[in-house]
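Going by the order they are written in, the chains are A, B and C; count residues from 1 in each one.
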């Protein structure tokens, strides 16, 4: 069942075309990340859904209800802001009660719901504190609780972890994902952090310059990026330019400066292409798709050894090898990859 | 390192200290001393010391009448400037267009144009042949001019105009410091714009309201130019009376006592006001 | 950010526009009437003319008053530019947490007390010092005192926003204390200094109470001249005097806006 539909949304600021024909269908209970560099339109998209920015063209549906021109307060949303936006003059309990009072929830039920949600975000006992008396992580959880306590149809999160330190951020990823799955709430999550999007989402919408570059599961986005930009934005990748020679069954044969390589790719691809390989998929001594070059750099990274190899064509490719692999700078090294790990992208 | 440097750079503060202590703190003490001196018919003050000026002021119904009028005017001006200034500050704080800096100039330029000039403008507007009466006459609404000049009403209107920027600026600073996310959060939680304003923005802007109110109240109670030019005898305020004592009748000790009496009353009202508003602001960070 | 505009938005805009007009229109009125070809200070004007300005330039009392005002304001701005900047640097940088707040309060005090009271205090004080209103000293000191906080506060806020590590970087590159101050600190506080001095100038040019009580005999400032003129006359000459005064302010405001931006202003 669809909870949220963005149907061909366009948005302008003066002459600037901020959002171009955004289409998206979000299912009940789905966790969707809007991912992209700053200025790509992901936050604007979220604010359009929330109703803070009017939509210039297109429609917005919640279920089957048209929401395009509905005021933000009538959209039945919960929103968590990057700045948390906790009301500084209200205690934690009062912050949580705000949305319930608007909805005219009876005091007894109000108290029960606040207690339950605070329990959920592990902040029971903090009712009387003011936001300024809480740590960043605690404030973040209050903001989450305030959005959840009104039991909205959709939860919107605008880079909620951007202001937390790295260790806390990792914890909160799993905390939010876990909570979202327990409550089963449809969630739109804006982030510029690709690893956040990968671990948390059911689906990721990668945006660039106001358009949807790709929409898919984390695995699809990571392994089968639709464009060079998506490949570059999510994780590290080696990209080799080449031309499609033909097909061998499911595999595509690509002629490159590093030799004739085989990989898989979308059905229709032909002509000049990029061949993308993830560094951790390159293996030394593998005969399949073998490329030989000179080791330029070998950097020990703890869990892996990062090796940069210069091919005869002058191109450099990086590979993540086993941490105790014996690699000498200046020596020759042959790296190969399984054809199913290579991915061809139209150029 | 700072402590060591502090010893070497202490001279930097000396000129300012000489200026402010030598020509502000000490002179204020001299008002107190002057108010205790005896009157003299041949000089501005006599040789001995007395409390009689205070006694005379406190028992003089004429002075209490002027005190009452000054306070009424001050309160009216404060309340009206808050009511007019808040929407402007709110508008300016939420404005992001290129109009913003021009409108900001609109707000501060009256402040920078001298008091005499601004009051003069109001003389033109309020006089019997002035803009208001002229307009009403040509519309056929009145036959004889309404008396606005030399009345407390005229002074009050002009003071509202003159001091409006003083309430807008602290409020603007305050409102700009409130993150727009807070109002957005209120809306996302289901509160209407009005409710969000009343429950979130307004309580958070109380410090700005308080600062603006005190500023305007003190300024309008102590204003001299506007009541002197527009008030005549019927719109005379405490400041006007003090200057008359000093300049026209050379009763310096009595004038000093009156000035201190006026300051004490103003201060007392501010203290009461701060007590009353402290409760409302208790929750603010 | 509030989505689509409603009727209330338009009503609000209307109200706010009315208040902006209320703020600006009296001043515009004075300027318009100063160009009135007719004899009266009333609308509608009877054609445009510069006759009242021409009359002003033949009036020595008015010219003297203008020069006196400009001189008072210039001295106040320059003196405060020096001692206000020194004081701001000391208070923000060196005073330490315990001294800084009381000092800051003292330095802003002229702004916190009513100008009329300061004028009265200085009147008594200079009389008791035996100087009285001779040599134009009392009035000049009064102008400096009242405008001092404008320089102090503007330079202070520029210093607050200034990243100290820039100074440390200069020192680490081998610059001495004075060189660091001249090449790094001073340029950083320059916007605050310009704003502060120009406002000290404008405020000094306009203040009345101080001048009224402390002026030397026969030495009127421009606002005093206008005040006196209006006691016995009510014609467009007064509007012309006012327009000249507005013009001086306007030039200063434009300079501030062009060089450092009006929003950096601190009151």
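Going forward, a residue touches a chain if its C-beta (ideal position, glycine included) is under 8 Å from a C-beta of that chain, and two chains touch if they have at least 3 such contacts.
Here the structure is a predicted model, which means the values were calculated and not measured.
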Most contacted chain pair (by C-beta pair count):
B-C
Chain at maximum distance from chain B, centres defined as averaged CA atoms:
A
Can you check how far apart chain A and chain C are, centre to centre, with Cα atoms defining each centre and the answer in Å?
54
Centroid of chain B to centroid of chain C, CA atoms only: how many Å?
17
Give me the residue numbers in chain B that touch at least two other chains, ranges are fine.
184, 187, 193
Could you list which residues of chain C touch at least two other chains?
1-2
Among chain A residues, those touching two or more other chains are 51-52, 71-72
Which part of chain B faces chain A closely enough to touch in the complex?
179, 181-182, 184-193, 195-196, 199-200, 203-204, 283-285
Give the list of chain A residues in touch with chain B in this complex.
50-52, 71-79, 81-83, 85-90, 98-99, 102-103, 130, 132, 146-147, 150, 156
In the complex, the residues of chain B that touch chain C are 2-3, 5-6, 9-10, 12-13, 15-17, 19-21, 23-28, 30-31, 33-34, 44, 84, 87-88, 91, 94, 101, 103-110, 112-118, 120-125, 127, 129-131, 134, 161, 164-165, 169, 180, 183-184, 187, 193, 218-219, 221-225, 229, 239, 242-243, 246-247, 252, 255-256, 259, 263
Considering the complex alone, what residue numbers of chain C touch chain B?
1-2, 8, 12-13, 15-16, 19-20, 22-24, 26-27, 29-30, 33, 40-43, 82-84, 86-87, 89-91, 93-96, 103, 106-107, 109-110, 113-118, 120-125, 127-128, 141, 144-145, 148, 152, 199, 202-203, 205-209, 212-213, 223, 226-227, 230, 234, 238-239, 242, 245-246, 249-250, 252-253, 257, 261-263, 265, 267
